[in-house]
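This report concerns only the one structure given below.
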Amino acid sequence: EAGQAYFDKIIAEDSRIEPADWMPEKYRKTLVRQMSQHAHSEIIGMQPEANWITRAPSLKRKAILMAKVQDEAGHGLYLYSATETLGTPRDVLNQQLLEGKAKYSSIFNYPANSWADMGAIGWLVDGAAIANQVPLCRASYGPYGRAMVRICKEESFHQRQGFEILLELSNGTPAQKQMAQDAVNRFYAPALMMFGPTDTDSPNSQQSMAWNIKRFSNDELRSRFVGMIQEQVKVLGLTLPDDKIRYNEETGMWEHGELDWDEFHEVLAGRGPCNAQRMERRREAHENGAWVREAAAAYAEKKAQKAQVA
Amino acid sequence: GEDVAEYALRLGDDALILAQRLGWWISRAPELEEDIALGNIALDQIGHARSFLTYAGAAWGKSEDDLAYFRGEDGFRSSYLVEQPNGDFGKTIARQLVISVYQHELYSRLVASTDATLAAVAAKALKEVDYHRDHAKQWTLRLGDGTEESNRRITAGLVSVWPYVDQLFQDDELIERLDGVAVRPSELREPFDAYIAAVLAEAGLEVPQVPNAMTDKSRRRHSEHLGYLLAEMQVLAREHPGATW
Amino acid sequence: GEDVAEYALRLGDDALILAQRLGWWISRAPELEEDIALGNIALDQIGHARSFLTYAGAAWGKSEDDLAYFRGEDGFRSSYLVEQPNGDFGKTIARQLVISVYQHELYSRLVASTDATLAAVAAKALKEVDYHRDHAKQWTLRLGDGTEESNRRITAGLVSVWPYVDQLFQDDELIERLDGVAVRPSELREPFDAYIAAVLAEAGLEVPQVPNAMTDKSRRRHSEHLGYLLAEMQVLAREHPGATW
Amino acid sequence: EAGQAYFDKIIAEDSRIEPADWMPEKYRKTLVRQMSQHAHSEIIGMQPEANWITRAPSLKRKAILMAKVQDEAGHGLYLYSATETLGTPRDVLNQQLLEGKAKYSSIFNYPANSWADMGAIGWLVDGAAIANQVPLCRASYGPYGRAMVRICKEESFHQRQGFEILLELSNGTPAQKQMAQDAVNRFYAPALMMFGPTDTDSPNSQQSMAWNIKRFSNDELRSRFVGMIQEQVKVLGLTLPDDKIRYNEETGMWEHGELDWDEFHEVLAGRGPCNAQRMERRREAHENGAWVREAAAAYAEKKAQKAQVA
């Protein structure tokens, strides 16, 4: 009971819970689910972009893209570490991903068919991620909040790079501009759906907000994001594929056209264009690497034994 | 002059083709730490490639991208070694061991080049290649002295890349003409062999006894693999000639 | 008209991309007899592709090679299924089983098309696809009822290609407009399922229970694999625009 | 002794030895070596051409090339079958190849770097092979001679296709013509070396000629080939990289520049540009196919057992 009281006090003060602190089981579970899902998203999210590393059209872009995908692996690592502080080891989390028991962000189940997708993913997908994540820097669980601070810094860098890719394409040849517009057209709606179901359909959100994990509702975040990109798209000289975007003076919210939530649920249920491909690729990498991990473990053990003997 | 540019092409193309090969691993490595490590090495090599190619291109009024994306196979000066496919992680590490020990010996001498640009690029690259060499060494030890399976695989990897080691150490007329500017490849062989022998001995592995492949010391001829690599690397740039990105 | 041409593109592109995938096996098959068998199937498919593409091209004044070599990804009308990588022999056979049973049902109805050219090409192709289907069936039986390893691999192959089966049977506006000319894909599903179920049952295998991938019934969108395939297939032709071979 | 007498008589009459006939052990061994080497050459020879199947620049050429490489697999099969009539099973022969104990024609250790090589290989390599093989149609060993008849027919078809590829390139753009000339430059000398060492360095030839396996000496065949291609190259509008070609009225032989026999021996010793690659690829295909062959065998056995029971 002392634990619960302390926990309640920390939450009320909007201060931070640390790994050694007592916390409600549901709080722990919610965090493990959310943080590992975020980690998995970073890992699976490497794939659509890795798809263009070998074909990047300039050496500078190739280097930037490599660095970005590598950063995502790094984010995955921080987040797995932060999740481990809640008592679930990385192996277990990884196994959940491989067995299809854990989710990751649905956006990565869309294909990256063109180079311009590197721009759209950076601008829209990373943009939506940042909008989601910036409030998480103040999440009540300390390790999560701190990981998010670091991640958000890099993500905003990535978003700017994505924007630059689109800007360059938009100012390029007609074929390049069309490539950029097509990418924006394809990623706009899926990016908006990254904020999750509408508030009326989002049952878990309230508890998360009460626990100071979540700070804003899905619709609030989505609205803010729409407001931001509708400004930025003008700078790009492109358009958003939505003629319903408008600012509602009364609610103070940006409104947008209806989203295809059936598609959202289809992709969530494993029927996106790339769900099977992404999982197959992850499993393949894991299986192909098994002998390497075993070798490293065997070698480390031999070393440790020698050190003991000596 | 043209000779220095041609020499810079050799250095730059080895780095570029290697980076292209390694970039494939990002998102496919045996563990996340290796996605990052191989990504880092690829990034470093891309950086070296850009410096060398920019320098080479200056002689012909060409940019790094002109050289990377708009040369045909005949225009490349990469070695057979870096052109070899990734294979499994064992083969990739075997190739890494060879190329990083070679580049380390090369750059640690190139820093004394009478060509200030080459010397400066080499100085920066050397620090990074030092890490690449250590990475390859540590993995060679782990795989060699890990499990039976890993020993078998790193051994197979070494056998697979070994025929292409010799080309790295061949002098030719260009090298002769660039006395003081270029490093003489043949001089690197002894320290290379010594380093490799020590690592392999520690890893419980043997230096492969396989015949050298007949290659081309002027690096104008290439393995059958290069064409495929270039087709993929250049496809987008070539579809949009004159575009900027 | 354009509609018929668009339909012919779908047929031709499936055959072309499949042939391109299968051609890779020649010199890499598990035994010489299979180098020959897979080579034969690839050759047949190239033949069908040429007929369909030539017919399609007539509508736009383009040759089969214009279509094969100078369209970008967006211009292709291939299905996700044929774009899937070869994987191991098990996956290739799984893909062959699906495509050959599908093509068999398709062509055996297309022979009755009111378009005489389509009907004629289908009549010729049907005889050949009959062999393809038998080849895939025999191997499915051997692998399913062979060893544990082979059962595991053909099962994995089926699971891997199954998400892309559904697309083959989707009707769209084009199909509606081409009543009598085109075969309605949705009508093929039942006989397809029946044939597959019988083969898999005999092989001791199960019909995979995996979700369908969201694809594109108009076939304008493609898997991420197609870009790589086209880069390789088109590289030489595009380096020499206007050349004849 | 009756066997030897019959054998000698058959040879003297220039008639045919059949599998059931008695034959000297050395004759059998020589044939097994030569025929299996020929079979292996067909199999390894698939690789340089397979290298261009996926990149062939027109659908017609792609189809022709596929058919050609497939024919080579077929030739390999006939020749293994013919060799099996001498008592050595295909498995054993294949094992010899995989272990590097058996040779194959060195020409296939050169890379096929350009599309024009498909022309040069057809015209020069198949051309040289035909010049070698046409006399073998009359080889004293029946199954060998008959296999060669079938093979030579197809090879001459292949040679014509190679010639056509070069002709098309030569009449094409300057880049195409240069590609063709470069291929001819690279394949000319290796093709001439396909006839084997000069007669003075070819110790086994005499016995083979006495046995009616071989009909002409290496140098005779080479000379005839040079005479042929020096005519054909004019039609192609290309040149041979050899300014020493001339007809010697006295000897009735075509002469050519000196060949680099050191290179020949290097390649023979395993140090050609592609020896390691060709063998690795063959071993890989064999190993990757092991589970398939095992499955087929297991299935066949199950079927056979069921048939017995029934």
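The letters A, B, C and D name the chains in turn, as written, and every chain counts its residues from 1.
What we mean here is this: a contact is a pair of C-beta atoms (placed from the backbone, for glycine too) under 8 Å apart; a residue touches a chain by one contact, two chains touch by 3 or more.
Small disclaimer: the values here were computed from a predicted structure and weren't measured.
Centre-to-centre separation between chain C and chain D, using Cα means, comes to 35 Å. With centres defined as mean CA coordinates, chain C is found 40 Å away from chain B. In chain A, the residues touching two or more other chains are 55. Contact with two or more other chains is made by residues 227, 231-232, 235 of chain B.
Taken pairwise by the contact criterion, the protein chains fit none of the simple patterns, being neither a path, a ring, a star nor fully connected. Shown are all chain pairs that touch, namely A-B, A-C, B-C, B-D, C-D.
For chain A in complex with chain C, the residues that touch the partner chain are 48, 51, 55, 111-114, 263, 266-267, 269-277, 280. The part of chain B that touches chain A in the complex is made up of residues 16, 19-20, 23-24, 26-36, 39-40, 42-43, 46-47, 49-50, 53, 64-65, 68-69, 88-89, 141-143, 145-147, 149-150, 153, 232-233, 235-237, 240, 242-245.
Within the complex, the chain C residues that touch chain A are 73, 160, 163, 210-215, 221-224, 227, 231.
Considering their complex, residues 72, 227-228, 230-232, 235, 238-239 of chain B touch chain C.
On the chain D side of its complex with chain C, the touching residues are 43, 46-47, 50, 53-63, 66-67, 69-70, 73-74, 76-77, 80, 115, 165, 168-169, 172-173, 175-176, 281, 284-285, 288-299, 302.
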